[in-house]
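Each in structure tokens, the structures are laid out below.
Look for subunit A in each of the two complexes below; its partner is subunit B in the first and subunit C in the second.
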Partner chain A sequence: MSSTSNTSTHHTSTIGAIGAPSRRNTELALLVFAVVIPVFAYANVGLAINDQVPSGLLGYGLGLGLLAAVGHIVVRKFAPYADPLMLPLATLLNGIGLVAIWRLDQSERLQARDTFVEAAPRQLMYSAMGLALFVAVLIFLKDHRVLQRYTYISMALSLFLLLLPLVPGLGANIYGAKIWISIPGIGTIQPGEFAKIVIAVFFAGYLMVKRDALALASRRFMGLYLPRGRDLGPIIVVWAMSILILVFETDLGTSLLFFGMFVVMLYVATERTSWIVFGLLMSAAGAVGVASFEPHVQQRVQAWLDPMGEYLKSKEGLIGHSEQSAEALWAFGSGGVLGTGLGQGNSDLIGFAANSDFILATFGEELGLAGVMAILLIYGLIVERGVRTALAARDPFGKLLAVGLSGAFALQVFVVAGGVMGLIPLTGMTLPFVAYGGSSVIANWALVGILLRISDTARRPAPSPAPNPDAEMTQVVRP
Partner chain B sequence: MNKPLRRIAIFCGLLVMALLIRDNWLQYVMATDLQDDKNNRRVSIERYAQPRGDIIVDGKEITGSKKTSGSDYEYKRTYKDGPMWAPVTGYASQAFGATQLESIEDGILTGNDDRLFFRRTLDMITGKKPGGGNVVTTLSAAAQKAAFEGLGDKKGAVAAIDPSTGAILALASTPSYDPSTFAGNSTDTDTKAWTKLQKKNNPDDPMLNRALRETYPPGSTFKVVTAAAALEHDLYTDPDAKTDSPDPWTMPDTRTKLPNEGNIPCENATLRNALRYSCNTVFGKVGSDLGKDKMLETAEKFGFNSQQFVPVRSNASIFPTKMDKPQTALSSIGQFETAATPLQMAMVASAIANDGTLMEPYMVDQLTTPNLDTIEKHDSKKMGEPLSKENAQKLQSMMETVVKEGTGTQAQIPGVTVGGKTGTAQHGVDNSEKPYAWFLSYAKLDDGSSPVAVAVVVEDGSANRDDISGGGLAAPIAKDVMKAVIDSKK
Partner chain C sequence: MSELTLTVMRLGFLAVLWLFVIVAVQVIRSDLFGTRVTQRGSRRENARPQQAARQQATPPPQRQQSSSGGRQRRGAPTKLVVSEGTLTGTTVALQGQTITLGRAHDSTIVLDDDYASSRHARIYPDRDGQWIVEDLGSTNGTYLDRNRLTTPTPIPLGAPIRIGKTVIELRK
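This part shows the complex of A and B:
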């Protein structure tokens, strides 16, 4: 929607089908920063720990640069009008995540653990796979509206993915949460990360069709529009599903994520505040209900209320207590405002999951308040660019999908960062792009791919009309 | 659909805002609390990241630091003559924390004290590895050695003070322990050594600092305090005048006779003779005649009933505040609930030797930077004047009689005037336990100055109870300590 306006004394302006700026060069410039910053950080870690520039610096820099370059070229070619911020931001997060994971690989304390594996090379591989999926999404998904066709297939697929960890022999119970499946020869996969995207497609497709019924057929009661009983069906089904996930997979995070995403999309689709009220009531009821009999959830709540007490109990060797919450808080506190500097903290004291669920604590200690605020703001930016994409999208399905994905992303960041910082009970989730974990990185790159596709569609100028023999610029005469 | 979208945008912004606020709370508001939390392992990691400063006696370090391997903690503490110096240093263990001097001066020793801030900053700029400052003590290596070796296998404690300044010269406690054995944090060696030393596994309780933290019934040595009270409150003014003391003496309000040990001339004995022979009847009656309040006043002036910080805390010695007349009489001869630390009794001797002026006891002379520049130097402080100069000199002459021709002859040093008092404190139900042998004394040089006052207590010497007396067991140790101090001054 551009216009070149002529501020001359003639009150005329010319409107033509001139393309919106694609902003690809902005993206390229930002990407340079997104690669250079992690490379410096990487060198910084090496200098701090071994007093020398790490030998892998070149390889790492080239690897990240290559990923960024491929991403950029593909976007330039296949989604030229896509949002210019999301790719650089995701690259930056992915890059500093790799640095933090590599930094924790250097920790002698973690190396002494039985389960230690060098995580950084794997994460680099996962990042490459994630970018491959990102590229695939942009190349093969020409128009996001195609996904609309697969609404109910998506539902089936997401249910399948969510239930996979419960399949005997396939599911892996790792430290109390049953959200992984283990495939021999490949490793463990967290299907929930992928289900997040698939289920957003289902919600978007479903709500687009049903939104009028859900929005209009309602009774007014005490200032709220109460939906009809039968329209309550879907929300109750999703709610029940979340509860089941919580009960059977003991995964508070995923459960909260799905339900939250659904409520957000329902609200956007129907513009009825009552859904929010219902959503909050139902999630509160569900959470309290499950917490009343599920020991795993109770432990998490206990650890949230009294992390230091849990720490002491854990040190005494009592089963079912974790010192991690307290260790994470100490890591944050010890970082202070400016942090100890990369490679100079002791966040590895957290031990298990230091480079995945708790990776934010490493940033907290080594980059301090300043670093963590920057990272949180980067997440905030990605989310707001996602919502911006939803605002700009021209079709309801695109709007719903974009807001669903961004909302889920925001909730995930909130749940995991809030959990690690002790704002809410801790749930086993990974910080998108930063935390170690193949499923998470790959799925989030796909998520960004879809958002870019929607934003490309939204910002793409309408195709120029067929050439008119009388073609002349339209003259608009202003009074 | 755009209106709810904008609201969702705000909602997401609020989520991020909540995280930012929480982060500020954690990393700004609560940062210091979390950093210094005692369970935060970083505290100890940082503590052991560099060699710890040393504790110095007579210009030589009695501690050291050793690089460790396979541990979070880079350096661990070592001790030279650990068991001998343990009551002075305390311990600094990676696994079990620090106590006493090691704990109190931890800031200086680790180099984290604010007074070392400038130096730390300088080191940071010049790229020098930061180090800890040193703690220079007032102790005398010779005196400590004499005390520790004198106690030998026996259970007991010695405290020696320079009466004119209050500087602590010796502080020994046996049985002792070697803090080096558990300075690290290995569960194999350090934890085992530690466990073995705990009171519940070791009835001798070697980690108890008997010189500062154990209170013993002072027995007859307390008669010195009672004598001081008699002089100060003008009950008797002349040590050589007869006192009004029947023998046997029945305690007021009772029909119980207070016995003397053995057949000694105590009836109406002069104060000098009463002290020389250690007459229970005379001093019991003095205490009873003075009454609880006057006795309490004098005892508290000597430091009873309050903790001392040298800077290591010493338990408060006790002179009971609530008692009836017979109890006052018993308390005045160091029985009933009266209890004193060896340090307290050394303070009593030092106040008398210093002509009535009690100096505040201390053991840290200087705190220094890693390269021995003084940060802080201790100035001697007057703590009080439990008795006048005149009375102090009277008491001195009485105590000197005790050593010259009384129960304390074993403390005599040729060419040196020694004043002292023995004590044999009974304890246990019906005195069933082996008594404590006490000796407190001071030495005086020809120029009238007194370089050392000392208190020795020996718990159950392995001999039978008749053999235990302050004169026999404790006095020789006191003599050796005083001699060591005098010799090292020459």
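This part shows the complex of A and C:
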């Protein structure tokens, strides 16, 4: 048998790469790299701002290193065959996010604001909580297929989480969006971030059962496969749900994220391009419809179409106009190709939400196009690993869940990065792992944990040979 | 801090960031470009004539004996490939383990197929390393080529095993 596996190493790495080595040492090396880069960035910021290596260097370096080490040890123990790249990539993003938040904490302009709080220590704490959830997912979720049992419970739970911010007394309306709930003593939580994961479980479980009906029972019309009315039901329900979120919580981003994720998973489950056409048409109709009567959404669209005009109106003191879109574009512009250098930009002029929704503008100004491209590529690599995991998975539920989670991750990056860069209207979403925000960091660590669990199951060599009844019956001694 | 130092650090940081991206891409390069999709066709064509010739030359029982002796290592299959059905393209490396097929979630290959039973069939190596397929009392049967299996049967290289809409075969 050993010689069989020797010959197979010459031409493995087909789809699935089953029987591949666990590659945990590769992961360790990359993790060390991923911790060193933020430490370098941290020292760079300190040198640029105060001419000295910041005193907290050891603390942040050790903190991030400790998180990475705990993550690595748990993966080594509980998911030894998991993908070697996802943990280092997520750690790097978390690390440079911490540096950018710390850098904005040092800004005197932001310190002068009356709502100023030191965000970096909190973000480090949230990262630790996120990693704790990541560890819990890997330890307690032995097999992702268990989640399949909770298909409809997931649906109920995700609806519950989505509706929580609308409960009077619990929901908090912060800057025009009702997506937070405030719990006294803990702070505000964004349940939508967690609902994203739970609803992916529901979609995966539902589509696995219904995909034949959705794919096969359809009529052909003008080159498109039109599904039957009764099969169209679920997509209409999800569409209506995301529109309702948009209307009542005025949260364009979450609504886009949910609907987009459902369309992606429908397409993957049924291989019918017509779903994508329908999805785009329906989301366009929904967005136009809501934008025509919802003032909050109208403002965002106006700021997208005419950022400079809105900037001037805002400076005149008119209510309901945002100067941030224009300021983010200026930040990108003054960064140029190579950036101004860490700690030497003026992205803190954005003021409110500079370290959460607009954190990409800080990277755009201080690292330039080159740095932003690298960061977007790192996001792309995480998504690629997720889709790769889906290809390698041997069960349809795992495939759909991995596609859904990585699709949601990709959509979130697209929605927020596109919003900040002026490609689409800006929506209040956080850049995963990088932006300041507890719920987002914690939920995304859990998401990576589930993806690692699926990839561990997919890449794990099949179980050791079962005792063969034939082999034990007769013993033949061969020369 | 001098302008020069800061410029060096700025460019250095970008270089390090990109180095990380490149290293990460190197790690997955084998996954991206190492798929056998292009070579699969040629290998199959190479394998087919050999196998046909072998089958013509000797009747099946002797062939197994001879393959377990002299030519075993060269002719032994190293992977199981799903060639038709929803899981097309999935491969499992054969390393002496038992492979179970069926709709049950804990199967090695989970078939999403109304014609498959929960525990439909299993594929395992016998003592000589010959791979055997056994139907586990499925409702709709397991077919090797055109024949419905009634007893555990050795699998010739490249022979299609059909379960419902799914077809799998062993390849070198």
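One rule holds for everything that comes next: the second predicted complex is superposed on the first by the 447 of 479 C-alpha atoms of A that agree within 3 Å, B and C clash if a C-alpha of one lies under 4 Å from a C-alpha of the other, contacts with A are read in each partner's own complex, and residues count from 1 in each chain.
Definition applied: contacts are C-beta pairs under 8 Å (C-beta built on N, C-alpha and C of every residue); 3 or more make two chains touch, one makes a residue touch a chain.
Values in this document were obtained by computation on a predicted structure and should not be read as measured data.
When the two structures are aligned on the shared chain, A:406 is found in touch with subunit B, with no touch to subunit C. By the touch criterion defined above, A:44 lies against subunit C but remains apart from subunit B after alignment on the C-alpha atoms of chain A.
For subunit A, the partner with contacts to more residues, out of subunit B and subunit C, is C. Legend: residue contacts after superposition of the two complexes on their common chain; A:208 is shown touching subunit C, with no touch to subunit B. In the superposition on chain A, A:319 makes contact with neither subunit B nor subunit C.
Contact with subunit C, but none with subunit B, is seen for A:88 once the two complexes are overlaid on the shared chain. When the two structures are aligned on the shared chain, A:377 is found in touch with subunit B and with subunit C. By the touch criterion defined above, A:396 lies against subunit B and subunit C together after alignment on the C-alpha atoms of chain A. 368, 377, 384, 388, 391, 396 are the residues of subunit A that lie in the contact sets of both subunit B and subunit C, per the superposition on chain A. Listing the residues of subunit A that touch subunit B in their complex gives 109, 264, 267-269, 271, 308, 311-312, 315, 326, 329-330, 332-337, 346, 349, 364, 368-369, 372-373, 376-377, 379-380, 383-384, 387-388, 390-391, 396, 399-400, 403, 406-407, 410-411, 413-414, 417-418, 421-423.
By the touch criterion stated above, subunit B contacts subunit A in their complex at residues 1-9, 11-13, 15-16, 18-20, 22-24, 26-28, 30-35, 37, 39-42, 45, 72. Every residue of subunit A that touches subunit C in the complex is listed here, in rising order: 1, 3-5, 7-8, 11-19, 23, 26, 30, 33-34, 37, 40-41, 44, 47-48, 51, 84-85, 88-89, 92, 145, 148, 208, 212, 338-342, 344, 367-368, 370-371, 374-375, 377-378, 381, 384-385, 388, 391, 394-397, 461-466, 468, 470-471, 476.
On subunit C, the positions that touch subunit A within their shared complex are 1, 5-7, 9-14, 16-18, 20-21, 23-25, 27-28, 30-31, 34-37, 39-40, 73, 76, 78-79, 81, 86-87, 89-99, 105-106, 108-110, 112, 114, 124-127, 129.
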